[in-house]
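Please find one structure pasted underneath; my questions will follow.
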Amino acid sequence: MTDASRQQLVSLSVFAALAIAWEILSCVYTVEAQPGEPMVAGWGTLFTRTLLSLSDYWQGGLGVPAVADGAPRSYLAALLSIISHSLGTLARLASGLVLGSVFGLALGLAVSWSPWSRRLVQLPTQFLRALPLLAMVPLFQLWFGTYFYGQVLFVSYGVGMIVFAGVVNAVRNVPQIYIDNARVLGASRAHLYRTVILPAILPSMRSVVLLSLGAGWGAVLAAEYLGAQSGLGYIIVYAQQFGLLDRMFLIALLFILYTSASYWVIERLFTRLLAWSPSSQAAGR
Amino acid sequence: MNGRAEAVATAPRNGEPWSLSQLFKACSRTFTALDPLRFAGALLFIAVWELASLFISPIILPGPFSVLRRAAADFWSAPALSYYGVEDPSLAANLAYTAENVAIAALIGAAIGVTLGLLSARVWFVRAAMNPIMMTAGTVPILIAAPFLLIWFGVGRASAVSLVAFYIVVILYVSSQRAALNLDPIYENSALTLGAHRGRMLRDILIPGTIPEILGGFRIALAGAWGLEAVSELLGSQSGIGKVLEVLAGATDPQGILATLLVLGCAAILTDGLAATLIARFAAWRFAGS
Amino acid sequence: MPTETSRRMIELVHLGRNYTRADGQRVSAVDDVSLIVPEGEFLCLIGPSGCGKSTLLQMMAGLVGPSSGAIVVDGKEIDGPGRERGMVFQRDSVFPWMRVIENVEYGLKCRGVAAGARRDIARDYLKRVGLSHVERAWPRELSGGMLKRVAIAAVFANGGEVLLLDEPFGALDYVTRRQLQEVLLDLWEEPGRAVPTVVFVTHDVDEALLLADRIVAMRNGAIVDDIPVGAARPRDTDTLLLQDMVAIKHRLLGHLGLAHAARGAAGARGAA
């Protein structure tokens, strides 16, 4: 057996062992937070009763009545509630990522245009970056309320700060020889930016985007924990207030799925985009 | 141009007085190093903020000087906070609570994370077992664990500290594993041929060789730890900066919030500076001469 | 220069080392090598890339175990690395987290020599290699040639009976290389202590001729030639022009596959 497959076997076994341990624990620790809602739900219960209970979060519509209005729980309602709340979370994240990245990139490039502007904004941006992002949720809620756009602004602020700093740093690190080469061939400033600087910073953008993705997920979750009325984070924190561990666990599993998938997608995207880059840069290490 | 060589070349020899031209050269070197443009930028920022606050109502955007005054006033004693159920009514006391939690979590997280990380680099079984867990935990925001910890440990230090500690464990695990794996095996071989026993490897080679990268990871982890601790307190706590922020938000007090954030930001900058000093002290060999 | 009555310092007895390649093929890096190196001899191992000379040296150092055969040093079969067999590597092996002087006294520290005594010894060797002025410097601040001097000083300060050098000057420019060859010979011939036995791996024929008492040529994991070099010391580039030396040189070039087309058969160059 080769080293790599041996490692994979151990890794899979670890996950399997954890899953089995969870099941054993659910049989041993049968405490229930509320009648019918076990604290440690076994895998069987998770995908039947707990899944059904998620239909509580469906507000009704599309021909499926809400449980709050007296309708019975159903898998369809559960599925719809999962989809709608997932879309809520993903919409916040995506909008925040796009908004923050666009603004961060634009501002970063603008500030890098002249060496003076970069030094001018250095101290204020350093201080703003020192302010822990997640501690600023109350401030954003004060300014923008707990509406959708307020949360999007919060996420884009976090993403924007990271992208801005990353772009400024990357432009600074573009090897002077590329710039000299282009100038000598007659490129204007704007042309230089478009055809040399932007591609040259792409390799460093890989780690910047992954970093901002992580910050974005954290920001979305924090924003939903602290005042949203929809979204996966909202479900978790709402369930937490009643001690409904089983629902929290199911949603957490879903969340892990989404975040892992998002990282996988971004990494694949960058691998394709950076096919031209020298391998040490493409690896992003 | 090697700045040190230049400095050595133009400085007078020991005991001799500075000539006027040498003095001028030294002053202008310090001047450019401190970069007045950066200070101008900071002043510009404050000026723009003050100007904006004059036009926007103070309910939304208080000016920089009023925020500063509020921070100073509330730092040692803020009796208003006790109306909202904050245990120790002052910014300093709550900052101390938050800082204590961060410190405890940092110590626990560093001990576990570095030990596991270094071990995983040397023992393939540990690496194969722990890597998938750590890597998955690395992609998922640690916040997902917060509500669970709140239920298991209740409201109080334990849930916040365990959340932050877990975060630091993951970051330092990755840092120390990478540092140990990247450590050139030639150093170990060289030590062996110089007569070192295998038992000396940890102390003489592995730890000194990996410290710069581990400290670098620690510095990054520390920055994130402050925010994570604040959010954990926001979710459920009776003390701490997070609690103060929650209380002030509920009271619609942006001046208070900005003042508290200012204090928190200064604490984060201070600890970051301390981490940087540690790095300069213990990783001088990596960055010497640059 | 060893004499007839010199004892055997290093003895390689039917040494072999195999590897299994990624595609499953077994490759013989070292193939049944037997060699005796008397005490105090400066031996050069020469050969083209992949001939097994570095693997052989690593086995002598104890960093790699043999697949078959044994290595006997000073009457004892070796089992792993040890300070009696010091090694200078091709790449930089100086510990970057210790200052220069701490690097030189590292071996002494492992042995438990007292702080004052080991510092004096280290300072002495640093002076011999011409690096007294950078005693407190960090390795990162030094050039490649200076780092090599530190490595050599560290190994000599440790006082081993055997010295193994694996293409130590391969990464350096010509001038630095020649300077370091002089430094090495100075330390090797240092009066007042037993002359260490040296095994020096290189692919540079001139270097071997300038340094060695005896040159062993290797190819495809086996020894193909064993040539004593009788030229008197100290040697310089003019020594290389002596008739005997030129003859040895052509012999070695032949083993390396670099024989001149005009000398010998037309197929000699293609005999690699």
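We just call them A, B and C in the order they show up, numbering each chain from 1.
Everything below uses one rule, namely that a residue touches a chain if its C-beta (ideal position, glycine included) is under 8 Å from a C-beta of that chain, and two chains touch if they have at least 3 such contacts.
Only a predicted model underlies this, so the values are computations on that prediction, with no experimental measurement involved.
**Student:** Considering only chains that satisfy the touch condition with chain A, which of them also satisfy it with chain B?
**Tutor:** In this structure, no chain contacts chain B and also chain A.
**Student:** Which chain's C-alpha centroid is most distant from that of chain B?
**Tutor:** That would be chain C.
**Student:** Report, in whole Å, the distance between the mean C-alpha point of chain A and the mean C-alpha point of chain B.
**Tutor:** About 22 Å, centre to centre.
**Student:** On a C-alpha centroid basis, what's the spacing between chain A and chain C, in Å?
**Tutor:** That pair's centroid distance is 56 Å.
**Student:** Could you please state the distance in Å, as a whole number, between where the Cα atoms of chain B are centred and where those of chain C are centred?
**Tutor:** Comparing mean C-alpha positions, chain C is 48 Å from chain B.
**Student:** Would you mind listing the residues of chain B that make contact with two or more other chains?
**Tutor:** none
**Student:** Where on chain A is chain B touching in the complex?
**Tutor:** Within the complex, chain A contacts chain B at residues 3, 6-8, 10-11, 14-15, 116, 119-124, 127, 130-139, 141-143, 214, 217-218, 221-222, 225-226, 236-237, 239-240, 243, 245, 248-249, 252, 255-256, 259-260, 263.
**Student:** Show which residues of chain B lie in contact with chain C when the two form their complex.
**Tutor:** 184, 186-187, 189-197, 200, 204-205, 208-209, 211, 284-289
**Student:** If we count contacts the way the header does, which residues on chain C are in touch with chain B in the complex?
**Tutor:** My answer: residues 61-63, 80-83, 85-87, 89, 91-98, 106-107, 110-111, 138-141, 151, 154-155, 158, 164.
**Student:** Chain A touches which residues of chain B in the complex?
**Tutor:** Of all residues in chain B, those touching chain A are 35, 37-42, 44-45, 60, 124-125, 127-129, 131-133, 136, 139-144, 146-148, 150-151, 223-224, 226-228, 230-231, 234-235, 241-242, 245-246, 248-249, 252, 254, 257-258, 261, 264-265, 268-269, 272.
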